[in-house]
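Naming follows writing order (A, B and C), and every chain is counted from residue 1.
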């Protein structure tokens, strides 16, 4: 178990600013019930900014590879939140589920490839314990125009 | 802890008829596992009716303020269900998560503001224990044409 | 409790091949936390194929009855997965929740009827313990163009 070390090796891929709740919003980034941690939906934010290539719809202005990278950045933001919640990713026992939404045109059908950007990263870091159940569906619109929104549930050790 | 009293002070904002499952549908409004209560998706119903201003899409016929009010009414319906499940809202230990869907046009990006109608009410009533994790995304269509659908998960004391 | 027998009586309605994770995807069909089993989103697959009438959108090429049947086949696939996870459906204690997405046009409002195809089957097999909480919403696009995607959570005995 050196999940935290593997995460930190992502280096410059990790935004310096941890995710925060948008201004004027009354919700939390995580909540724990027993040993299960629930995370709010997150997106391809870079601190408080959104890289321009991650705004828009798959099937229109965003390519599948850009979508994949957006899902990867979203996973990193989710892991930053998870880390804040349990101090180190070594306290994660299992990634249980991932709920991924892809902002897309009605004819786009490759949601699986896009959300793999998140799933692949989770398995790279947590190995067998990173393998999760998943929903990966399309949607016609997301907040701020982000191209993906992903939430996550994990079992933790503290 | 006087959650129930604070809820009842909403007075005329509370529909007299508690939510019910639509005719011909084989599902339940809530189910409990251990101390966690899962609620079905609900909407801006007024008993068995839907106020006309809450039918339609954000970005089209429904304004953000109407959407916010629809999310507030939906929260009240969810709390009516929660109350039926555990007798009094004083038995609620924590609102864990809220899953909000906004019926909207593809260019609408203010899902956060709309679902705040639900989140703000929950925090007004439950204070710190009302702060929840959240998903707030768009969708192109909802049952009956309602402009928002929200489900909820709560930890309860019985 | 003869859930498993009732399921097997569906006979030729049950695909011979159990559901599998799409090629190149790093996720699992189920994950258990305590006595709760989480299932990934599934669809109207027939083994590795998708019957042509289950590809498309409600309100366009797919009729409500076809959508209902697609939700029923999806439920069968979910039960095949559940059965693989806990050996026999007699180990299912309760179906807790169903999350159903209907691929549809913006003006389609009968998501409830479509997802009943899943709910009705669950109640037919599990009786009172098959009654679940439910979300049934629309979406503009789903992976592979399938007309419904449904995930499920169940309490199990092992």
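Convention: contacts are C-beta pairs under 8 Å (C-beta built on N, C-alpha and C of every residue); 3 or more make two chains touch, one makes a residue touch a chain.
Because the structure is predicted, anything quoted here is derived from the model rather than measured.
Novice: Pick same or different for copies chain A and chain B, depending on whether their interface residues overlap by over half.
Specialist: Different: fewer than half of the residue numbers at the chain A-chain B interface appear in both copies.
Novice: Between 0 and 180 degrees, and as a multiple of 5, what angle does the rotation take that fits chain A onto chain C by Cα atoms?
Specialist: Angle of the fitting rotation, chain A to chain C: 120 degrees.
Novice: In whole angstrom, how far does the Cα centroid of chain A sit from the Cα centroid of chain B?
Specialist: 25
Novice: Can you tell me which residues of chain A touch two or more of the remaining chains?
Specialist: Residue numbers touching two or more other chains: 34, 106, 139-140.
Novice: Would you pull the chain B residues touching chain C in the complex into a rising list?
Specialist: 22, 24-31, 33-34, 38-41, 57, 99, 101, 103, 106, 139-145, 149, 151
Novice: Across the complex, what residues on chain C touch chain B?
Specialist: 34-36, 59, 94, 96-98, 102, 104-113, 116, 119-120, 122-123, 131-140, 153, 155
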